[in-house]
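Input: structures, listed below.
Heads up, the next two complexes both have chain A, just with different partners, chain B and then chain C.
Presenting the complex of A and B:
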């Protein structure tokens, strides 16, 4: 008989091996899916995972894109991972991302066309504040009324999408836009443009902020009392209570932290790669970041790598759409499968497989 | 603005139609949660039900078969969740989310060739005599069969949970899985059954959107209905009849805001379309502020039989 036996402590080796195993399993399952769609599975996998980085025709364009896509994913996922570790489930990062973008863009557009070195820093503050504010709604409702933060944060995504639709047709609409919905293009507003720091590297300020967030979170989780409280709350809530950890403060901190980072991601996106507030500005980064957080094992360094890998599937996916005519949805499915395989292989971290003969 | 143009009879009639998908999904999820499992994949199962039901109904030109395959598809998708959560002991919140993401992907992939087609229409089931009643007849007794089936499902779930041995065992598993295990009940099997029932209900609910309410296929057409269903389970305090009330209230708000949009009220469309979500949040707050409200004690907790 085969059964699972609980390990006394999570295995370190499997913590590293399981994400790799999950990626391989996803490639196999994805390959089967691509074959079912009538495409050559080996070619599809190569186009998604290899060509964006190494094919001479695409690499020059794709490599910078890697950072452009990975930046927001890492930034959001880092924030979420702290909450997830404590058992606080902010799954509405998509909404906080939208609000951060709206607040950031609004800060810039309110002073248009003034040029000043203060504008971009003000946008950063406004973006973080927008995301933080949106995350404070579930935080306050949870701490004051014990309302489930999962449902509230998720519902607020739909509310944020409505607000986005409203402002892009009203409040923030470009007055010189010939009536088309959408704000002014911030790329043409030098003080507000989130430009690449190094030309043609894809490295804009959001990517740099993401790297800083990784380092900051790593130090906080391993060296700071707040990180210890987060882990204690997640692994032994009772012990956390007896140790005097304030649940309220931790909930407010975790939701606020992830909200602010998601807001920053939105602000850097709208002022850089996207350029303007439009109805379909948000592209699901807030949800994909949840996969990134888990794929990175809720560990800052892991999330950094996972964010790059997930960015690769986005870019490779676009390339595969172009080259093979692979439907866009198949990439979405591919990413979803990755999360499920990851959760399935996760068992080997906390349990070991035992074989028992007839006893 | 033409508020008088809103016909209250039509309003209530369309309220029932609008509430049916959420009611089905919420009732299914209620059973799942009663067994102690939180499946956040409702949205994913609904949309897969919507697309599979639609494809079947269009291909074989039978809405009834569409609903049947939608239920099967929902149950099969929930089986993935069940295996991961019950056998691989994965985190329920993350797995449910993963299921939603996968469901959205599958549905977009399958549904692409079927965009812009109209589904065969559902016949309305005029209940003899009752549907001829003035006012009430049009309002309550001349809907399609699924509206009544959804109410029957609520009745069935209520009766099973409250008055049968199966229901008692299911609740025992949800309240204290270790005790239920010690008594010799197969915790895993019972939860597996509950999850698949929830999946089938969500699939039916999704198919009702694509076959009756809209009726055509567009990507992402469930538009948050699955999440609303999850909220309604909380609103209902895990009681089937209150889920019915919750779903109809929500259906009422949705229909009313659509009617207000059509009537050209001075409130911008975006604010009207966010209102159902805001009201759901408000209701969740009111319910949760009242304190302990009957959540199954083992809800979301991991079960591992240690011998």
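Presenting the complex of A and C:
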């Protein structure tokens, strides 16, 4: 008989080993799936995980893309992880991301074509504010009326998408754009352009902000009383109350923090890689970041690695579609497997496997 | 036919990581009241669960009436004549007494016959109970009668009672003992589980003492002192708390007409509570569980806010202040529930120190936790309060109940509170640890702090408190000096007769 036995204390080593195990299991199961699709599984895995970084034909293009894609994922996931630690579930980062982009772009476009060194900092503030404001709606509704922040934040994503569609055809539409929907391209507005800091590295200001957020959050969670309160609220809400932690303030902080970071991610995206506000500007970073947060075990360093891994499967997946003609859905399935195995192996943190003859 | 009713031979039951019972053997005779004595975790519950068919032993045999007894379910155990009254009742509030009893019977008679039999049995054993009353309106003592009568209707040969007096007032305990003695006279054997030594001395013929899952001794309680039994239970000798003469100082905390409605769905509302605590005084607040103890602690700790003037600390209104501000002033508290309320189980002891000591002990520097200072403070708690732990990084949840309680009490006491409010300071704690915790509370009062001990353990309150009051349905009785109180007067106070003595009418 095989059974699970509860560990006396959660194992720290398995916390590190299980994500690696999950990646290996995903490769095996994914390989079987690719073989069933009639492709060489080893080649497919190599194209997804190896070629984007090291193949001379693709690496020049793919390597910068890794940071371009990982940056927003990490930035959003870091913000979400703080709330998740406290048991406050912001599922609407996608909406906050959109609002950050709109606010950031609007700040620049409102003074177009003035050039000033103050414009980009102002956009950063506006982007963070837009995301924060959008997250304050579920925060206020939760603290004042006890609504469920999961539902409210999620529904607000669709509101934000409608606002995005509206402003790209109206308020922020490019007057010189021959009637096409979409704003002016910020890449052509020097004061507002979120340029690469190092040429051809993919490292734009958003990526740097993401790294800063990782370090900041790591210090906050391990050393600062606010991080302690967040963890305490997640571990034992009644103990947090006994400690004197204000639930209201913590909810506002967690939702506000994650909203502001998601807003920043949106602003850096619209002023850099995307360039303009369009109807289909958002591409699901806000939702994928939820997976990244859990893949990284809600730990800042883990999230950094998980964000890079997730970006790699995106880029490698696109490459595999191109090179092997794999259907797009199989790549999504592959990413889904990753999350599934991750959650499945999570049980080993608290339980150990035992083998015993039937008794 | 021999006198032996139940004989247990080498009963063993192991769970992963712990041997709950190791080769336990003893005998119970007909008409014998047999005590099963031991600390929490000594294996009493597992043992009776095996007798009642809830748990299957790994090895060992049981013989009932000279026949092999291997119950595979409580039904089988009941059919063989074994009945059990649990510590936690399994009754439906919305149903009547008779309906509840019928539900627990294997072949219930017709409702009218059942009501008649309930009346007969309740009269025969001096346990007045009206079959048509709704259980939700009964007191804890009356609910227990429902459970007992349910057992008695089956004419058991062996009645198992698990901590039956923990929910009773002293008067109710006397009624229960009369019933049990009558059963004994009729030849029913009783297996009586408790850690209240004086009760066992008064009631039981023989006592089997368990420690760490093993039978360590047998004694005749009437011929053994409570202290000797306690030492057999613990396996070591320990000191009784010593009370010093104290200087009583100024009033530190006063509560005036405190009213509150409970936040919890089945909580008790506090009604018009008033009392005072002076420096160097220990106020004991007794009462049966669920009469507002948790709510009173929350109102004093600051977890529940009330009108500003209802709680005053050194004359300052603090009813509307939260826990952090009250701690800063010097009003500290320790709630009953250790895991999840007083401490976070998954967090280390070090981190648990931060919960209440962060600001008062200066463990924060501009918002950052000084982990080295926190570690020093935690080490201090561990050594001064003899907390048995591998280190300060150990998760609180992996400590035993007694050790964690010592940590929780130590964490507050070492912060030099001016007033400490503590709910159930020694609940589920072994006798030696309980004695040391009580001594620390006495020492704290000696140094001039005011201490409020909320407890359901009357012996504890009589031992350490200078003044006594009782909570009943959210109301607090008048406060009396403990030394002037008689046990029956305390019973009346716990039963809700406010201003006991003068206007007793409960």
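Quick note on the criterion: the second predicted complex is superposed on the first by the 353 of 359 C-alpha atoms of A that agree within 3 Å, B and C clash if a C-alpha of one lies under 4 Å from a C-alpha of the other, contacts with A are read in each partner's own complex, and residues count from 1 in each chain.
Operating definition for what follows: a contact is a pair of C-beta atoms (placed from the backbone, for glycine too) under 8 Å apart; a residue touches a chain by one contact, two chains touch by 3 or more.
Everything numeric here is computed off the predicted structure, so don't read it as measured data.
The superposition on chain A brings chain B alongside chain C with room for both. In the superposed model, A:239 lies in contact with chain C only, and not with chain B. Legend: residue contacts after superposition of the two complexes on their common chain; A:145 is shown touching chain B, with no touch to chain C.
Put simply, if you stand at the Cα centre of chain A and look at the Cα centres of chain B and chain C, the angle between them is 70 degrees to the nearest 10.
In the superposition on chain A, A:224 makes contact with chain C only, not with chain B. Once the two complexes are laid over each other on the shared chain, residue contacts for A:337 go to chain B alone; chain C is not touched. Touched residues of chain A, counted separately for chain B and chain C, are more numerous for B.
Contacts of A:156 after superposition on the shared chain: chain B is touched, whereas chain C is not. Annotation: superposed on chain A, chain B and chain C show a minimal Cα-Cα gap of 8 Å. The contact surfaces that chain B and chain C form on chain A in the two complexes overlap at residues 6. Within the complex formed with chain B, the residues of chain A that make contact are 4, 6, 89, 91, 141, 144-148, 150-152, 154-156, 158-159, 162-163, 165-166, 170, 287, 290-291, 294, 327-330, 332-337, 339-340, 343-344, 346-347, 350-351. Chain B makes touch with chain A in their complex at residues 40, 80, 84, 88-91, 93-95, 97-99, 101-109, 112, 219, 223-224, 227, 230-231, 234, 268, 270-271, 273-274, 277-278, 280-281, 284-285, 288-289, 291, 304, 306. Across the interface of their complex, chain C is touched by residues 5-6, 8-10, 223-226, 228, 231-232, 235-236, 238-239, 241-244, 246 of chain A.
On the chain C side of its complex with chain A, the touching residues are 16-17, 301-303, 322-325, 327, 335, 337, 340-347, 351, 354-356, 358, 364, 367-369, 371, 395, 398.
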